[in-house]
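In the two complexes that follow, subunit A is the common piece, with subunit B as its partner first and subunit C second.
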Partner chain A sequence: MTVANPQQTFPGRIMEVTLPAGEGGRSVSVGGQTALPLLPEGERPNAAAIGIEIRTGDEDLPPSLSHAFGGKGTDPAVLAGNLVEESGAQFLFLSLAGCHPDLGGHAVSRGAGIVRDVLQAVPCPAIVGGCGEEETDALLFPAVAEAAQRPVFLSYADEKNYRLVAGAALAYGHGVVAWSPIDINMAKQANLLLGDIGVPPHRVLIDPLTGGLGYGLEYTYSIVERIRLAGLSGDAALARPILCHLGDSWKAREALDSAEESWGDVIARGRRWEEATAWACLAAGADLLVCRHPDNVRTLRGMVGAPWR
Partner chain B sequence: MPEPKPGTLRFLPEDVSLSVAPGETILRHAIRAGVPLLSPCGGEGRCGKCRVIISGEAAGGDDPGVLSEAELSAGVRLACRCHPSSGTLTVTVPPGSRPARLAAYLEGRDAAGDEPFLPLHAATGGRRPLGVALDLGTSTLAGALIDLSDGHLIARAAADNPQMPFGEDLISRIVYGEEHEGGFALLRQLLVAGVEQVIAALLGSGPAEGEIVEVTAAGNTVITHILFGASPAPIRHPPYQPVLREYPVRTGEELGSLAAPSAPWRLFPSLGGFVGGDIVAGVLASGMHREDGVCLLFDVGTNGEVALGNREFLMVCSSSAGPAFEGGEVACGMRAYPGAIESVRIDPETLSAEWTVIGGGKPLGICGSGILDLCAEMFRTGLIDRAGQFVPRSGAPFAETARGRAFVVAGAERSATGSAICFAAPDLKSVLRTKAALCAAADSLLTAVGLPRDAVERVYIAGGFGNFLDLRSALSLGVFPPFPLEKYVPLGNASLAGAIGAIRSRRRWREALSIAAGTTYHDLSSDAGFMEAFQRALFIPHTDEESYRKVLASRGGR
Partner chain C sequence: MTEPLFASCIRGARAVLALARDSLSDAIARRGPEGSLAYPGTAYEIPVVFGLTDLEVTTLRGAEPALSLAEGMIRDRPTAENALDAGAATLLCADILEALGHAEGRTYPAPCVGFVPDSVLRKLGIFMVDGSVPGVAVVVGRASDPAVAASMVRDFQEVGLLVFLAGDVVGQVEASGIKMGEDFRTFPLGPLPAVVHAVNFAVRAGLTFGGLGRGQAEPMLSYLATRVKAFVCALGPLDDLSLAIAAGAMKAGFPVLSDQAVPAIPGALLSCPPGEEMVRAGIEARGIKAKIVKVPVPIAFGPSYEGERIRKADTYAEFGGGRTVAYELVTSAPLSEVRDREIRVVGPDIPDLEKGGALPLGLVVTVAGARMQKDFESVLERRIHRIVNFGEGTMHVAQRDTTWIRISDEAVARGFRLADLGTMIHAKMLSDFENIVDRVAVTIHTREEDVRAGLAGARTVYAERDARARTLTDDAVGEFYSCTLCQSFAPNHVCIVTPERLGLCGAINWLDGKAGYEITPTGPNQPVPKGDERDPVKGAWEGVNAFVREHSRNTVPGFNLYSIMEAPMTSCGCFECILALVPEANGFMVVNREYAGAETPCGMGFSTLAGSVGGGVQTPGFMGVGKQYLLSRKFLAAEGGLPRIVWMTKEMKEQLGPALAKRAGEIGMPDLLDKIADETIAVTPERLREYLEKAGHPALSMKPLV
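Showing the complex of A and B:
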């Protein structure tokens, strides 16, 4: 006697979102699935997309990253070109951290210039992040939206600044990353607010805030899973692709501290810390991962194609 | 077509005349003339509350189906549907169409008070046995005088709680009592003086000669402790438990009151530190403890208590909603007294506000219903977004104030205080928090007992605010959970109604005691789901907006 495997079906489908590429690049589509990850049932037209982050400004790199970036250039456009090429990243996440008053205090025009140069040098789809300082970002987003000569995503819009970010995105045809602080309700609220001012749903990604391994990852895991379940169950405002930015895993002491020799080599440790965080996010249901270490992009790219589907 | 020559419109009984603006409804004229007229639906012909009696020439007046044949022939029209024409028109505003918010603190429905009155006291020597029922609120003391020989209600009266100078909220009064030698004694003295003032007003207004033979009083736990002479201090400290839950019967003399020194005073039992006898009295008046169907009761007061249950179980919680709908925590907020803006419309074209003021004249501030109206209107006209932030729009009367951006409800030249009445960003936040807490408390109670929203058959709204509230406005903001409009029943001052019920019938008093004994107190501060429900409700109308849309789209309601 054979017993059919029980199959969970959901009424909803995650909105398919395409990150457009520049000339000569390949656009990336994510979402479109009708099931949770790691399960046999449902449709999954798109695998998770893996991107790489480049940050401007005077930040000290974690040892693992300065090792990986060695000799790849310091100019953002050159570094981005090399890293994307080498790692096979499907999209680039350009963070204009250098415009933050504490991290270089670049003028807004310089930030916009970097965006223009990088986007010209690298044809893959791009997400451009602000510097995180409210007043600077208020000037930066409109300038970036104008400087980007092709559609990108702006990161990020939250409950406070969404009018500004969405306004800049709408004016120049960009998409928006909607951020919320590990809270399913605020994630939904951000999407509703963006919808209210006319951002089309297929140009929105959810950033639920990703805690690093040991530093809140389990909260993120639970929220990503709940957002996905709500979206699949028919809540249209949450049926959007989820972007997990792994940057916080590089703030963990375990990823940085070279003095703790009993923990093993810090160069390997830092990379592993990000990778472990990434796997958990994929298992939870993330559709886009933003890595900083090029080797992780390669590893994850090699894996998401097969067993995850 | 030639422009009709403007005539004159005269409002009675105010005897205010103004020249007719062609094309404007009588309601608009009334607003311009400062004649108070109820129009909770905003002149859309839905509520049928702006009934006026006209004599003279008027056009329009097509009736959406709320007026009877007899009313129409007697000249009754809806002011929002009727235009004055060229001649002279006299419009009488009947008492039923007047906003009477002051009565809000007094009027209450006893939904369960249906039994025949059984006299326990007989009139002797021409002196009637009198009973006083009291509602001891944080800010208002209200009372009713009842003839206990036949059960009829002789008079109602209200006074401010004289403890108000020691803090608008109860916690600051406890702090005062703790930090000052004889503080609680002073608070008690003030309270008793306030109660005596109410009783004096009650006796003064009634023609009856009589003697007070019984008193019932329903109040929150802190006020009741103070009156009883027990320290309310433990309520403020972990584990936040009151000294007493039931209060032995005392004479007025023992409580320090000379107004009814020999009468026994029955104080309604408390349910917990922050859920008091006023809720017991409210439940008693709603009659939910006798119903088969599950009911919810909202007491929209300073704390925002919510009760859930039926004849089989009762559960209460305190939502710490804050007093935004009582006019508290809002800079321009005030109680529903003369001079308070009680209803607001915002013109979607000019984005300026029009309002009605209790008692007419220039406004001093905004009371709860006006605050609710204002927020609903700002949301409707797109001046606030769903997260409760102001949206810059050209032409909107926003101003930058010391408290951040603010919507100017009334400019300095139009306000009675000489300075502008502004509704600032923090005010908006406190309204949002209040409404979110009420909503989340109800959801948490339902979750705690494992019932879906559909299981609730009736929703009682206690508190003066409930009587005059436009339910659609309230639901468009998400003040209450999305129940179909016809399930809502406003009760007014249910605490006073319960106290009256209990003084008229011993059986009802015993019911009150059994309500208190059989009610479960649900502590929201230890409910893990509450903060999430709160965050969900911290949005306009709600993060779960679909269910609100369904309710608001449906026809019906009261």
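Showing the complex of A and C:
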């Protein structure tokens, strides 16, 4: 009896995307692979990159994060500098949540100023996220794009604002994170539309919306897999690196609730909730992970090296 | 007739060239050949030279080859081609000439700004990409009436255009008190030759936003012509110089509108009276569409109000719904016949009514667009329902000549008038059908005699449309449309929508698919070429199968459009009703989504059945479909069609009754409907069989299904 070799070869290759660094920093390249993750076959020139998120504004931190951030500073530039250095994050995701009217209502100019300061303090590649409020973001993205003195990625462009974000990116030479709500067709459409406007393909990342463990992670797992399979099968518009932002795992009650004693220590639990979400995303095929907990950055960095490639 | 015009362009180009040469040798004499030549605040040297030639110009000496190149482009024979090339040469020379001035710090007196630096270009460029700056108006020369020039600039500002001014018009507009500057997106450049700063701005837009590099002349000209929606309004008499510059604009694909009697060159040079008409002509020549950010009506407007009902007690005014005669109609017309934003109310308006009053209504929407098709009229017309329901305090029911609109007390108290209805429709038609509709005009008639007269015409249109719909058959068209909207939850499901088989959700027919594709070419509705026919009875085509394979990502090899037993179409989960095999009766039962009972002859209610039908799988014998598909000539054609239906819920019988009876008549079985059982007759296969035998249902004598 002969057993057929199940090794699969795909006609496509995921586009390699480089997130440029500032002076003294190391740029990060992701993508470029010809196979699914966790398998021995195919080429995989780049390991998944692990980044850390810093958020501005008046949000209550989950207990686990407030524990981890203790004494590391409150000023975004200081905090970012400390966390990136300690955790070994390969890139920084700076969310300007503080510009949201409910989370501080920072003026757009203040948001842009923070971007300038943080980029000076931290030389690693950066992705800058808006505040999620449509009208504010419409002013914020152009201001951020102008303020950023080196190329960053703007996050994110969706069905409504992609023209504006693409324009801001083109004007100052930045990249774009294209967001879609767990929908492969919209992920594809977003990339086609961005290409139509003129954003070069090697400056686009896919954010397929990442649900936290227990809160939609399985949908994300499935969509990441399908986007990757489509890309490897030759669909150029989907053959792009995928970014999974683990922020939603910090919205789970299980990650936050300290009242439920039988669930164990909330400090450890919160961190583990994000970590578990992260492993699933890596297994599905994510190329970039955005963590909030510095220990998770370290743990994941240690693991993505060998076996996960 | 055009020859003297071309000759004039060429003379103008020579004059500018001579001027540039003189200035350059002058500068070299003073600063030496290595003296620097650059605009302040740009990464693109002399932008027009950078964008259109591969010459690198950073010094005075470096400008010489560029001027020689320009000289070579000026040829004496007065032809259109030579005039355009002379125009391009003029732009090269003018950009160098202006750069010479800027490099030596010769600026224009305020308010003129001269060269617009890259930093401003980047900021404004974002809004050009975004569409909130929908185009660029360049106004040059001297208006015979300064007030007219001022009103034109004001109109441009209102639409959100970027405005450049050059020549005496700058002073005229300034004197009128119109605000200018970056905040108002209006740039007074300087005297006439400074108009080249509008051109170098556009060229730099191509370099920054179009991904173009040095010297890519052809792609640059094409970018300028298609992406930068600019046009030139030339006011006052045209001398050689202004004509040479105009020729340059035309070379860049910017149409020039002149208020003088110039010979027309279609798409490039138009003669047009200044003022409102020129504004409109320029905007239309470039197909510029203003982005409507907020619909200007006194009530809140958006999808959140869609489900709102207005009760009789809260109604201030009512139209149609049996109380008065009313109709609504969308028709298309050539672009030249529709004036965008024209909203007319003919007859009494809401304030003329007492509370609870009613008026007749003739709601006539005329649309125009380069890609509009007559077939889309009905698609747009059905959208009126949603648009009116979007208003807080406006309610719409039914369609065509059964339409019924209510306006609430609260809306009227806030100042809602019939014209606002038109404003809502205008704004949403333009934004929802952006790619196919360029202009929308709305006329609202409320006089009984006008409405009656209009209604007669409308009924003719409805009848024509129905007749057209009858000729639209699967055999008559070359392509079907896909719908992959539901792949977000049924990842491998592909709907193929044909003229005779609408989407299983009942919401998308073939025309909707066609319009959907025109509106969003990258969206879920894609044309599916039928390709080679494999089986006309079962409904199998090579093209359909190839599409389904690709878009189900190789999980569904293909399907037969008119069969339920052999490779049926997959279902997402949105189906209006489910067809299910009843082997004992040699036919199918059909149960609709609204049917709450669990009792059907196959032993499963709708929700249980739905679990096994949905999710993009092929389950022979079971299929989700749209209700209207039952009336199609292609309904289960492979299995024998409508006579296979043995059981149907009472509700569906009532809903589809007359249409079903008609269809049964067409196939020579006028009493078929009476032979079909429902839940009041039988809910077990045994009882069903008994009834069918008694009634003499045709399915029993048809070919065995299993």
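One rule holds in what follows: the second predicted complex is superposed on the first by the 303 of 309 C-alpha atoms of A that agree within 3 Å, B and C clash if a C-alpha of one lies under 4 Å from a C-alpha of the other, contacts with A are read in each partner's own complex, and residues count from 1 in each chain.
By definition in this document, a contact is a pair of C-beta atoms (placed from the backbone, for glycine too) under 8 Å apart; a residue touches a chain by one contact, two chains touch by 3 or more.
Computed from a predicted model, the values in this text were never measured in an experiment.
Q: Sticking to the clash and touch definitions up top, decide whether subunit B and subunit C on subunit A clash or fit.
A: Superposition result for subunit B and subunit C: clash.
Q: With the two structures laid over each other on chain A, which partner does A:Gln189 touch: subunit B (first), subunit C (second), both, or neither?
A: It touches subunit B and subunit C both.
Q: Mind working out whether A:Trp250 is in touch with subunit B, subunit C, both or neither, as first, second, both or neither?
A: neither
Q: Quick check for you: in the superposed arrangement, does A:Tyr172 touch first (subunit B), second (subunit C), both or neither?
A: Touch partner of A:Tyr172: subunit C, not subunit B.
Q: Name the contact category of A:Glu159: first (subunit B only), second (subunit C only), both, or neither.
A: After superposing on A, A:Glu159 lies in contact with subunit B but is clear of subunit C.
Q: Who contacts more of subunit A, subunit B or subunit C?
A: Larger number of subunit A residues touched: C.
Q: Using the touch definition from the top, say if A:Tyr221 reaches subunit B (first), subunit C (second), both or neither.
A: Touch partners of A:Tyr221: none, neither subunit B nor subunit C.
Q: When you line up both complexes on chain A, which piece of subunit C, out of 3-11, 21-29, 147-155 or 363-371, runs into subunit B?
A: Residues of subunit C that run into subunit B: 363-371.
Q: Do any residues of subunit A touch both subunit B and subunit C, and if so, which are they?
A: 163, 183, 185-186, 188-189, 192-193, 196
Q: Report the residues of subunit A in contact with subunit B in the complex, numbered from low to high.
A: So the residues of subunit A in touch with subunit B come to 159-160, 163, 183, 185-186, 188-189, 192-193, 196.
Q: Which residues of subunit C touch subunit A in the complex?
A: The touching residues are 119, 122-123, 125-132, 208-211, 484-485, 487-488, 491, 520, 522-524, 553.
Q: Help me check something: in the complex, which residues belonging to subunit B touch subunit A?
A: 385-387, 389, 391, 532, 535-536, 538-539, 543, 545
Q: Looking at the complex, which residues from subunit A come into contact with subunit C?
A: The touching residues are 142, 145-146, 163-164, 166-168, 170-172, 181-186, 188-189, 192-193, 196-198, 200, 222, 226, 229-230, 233.
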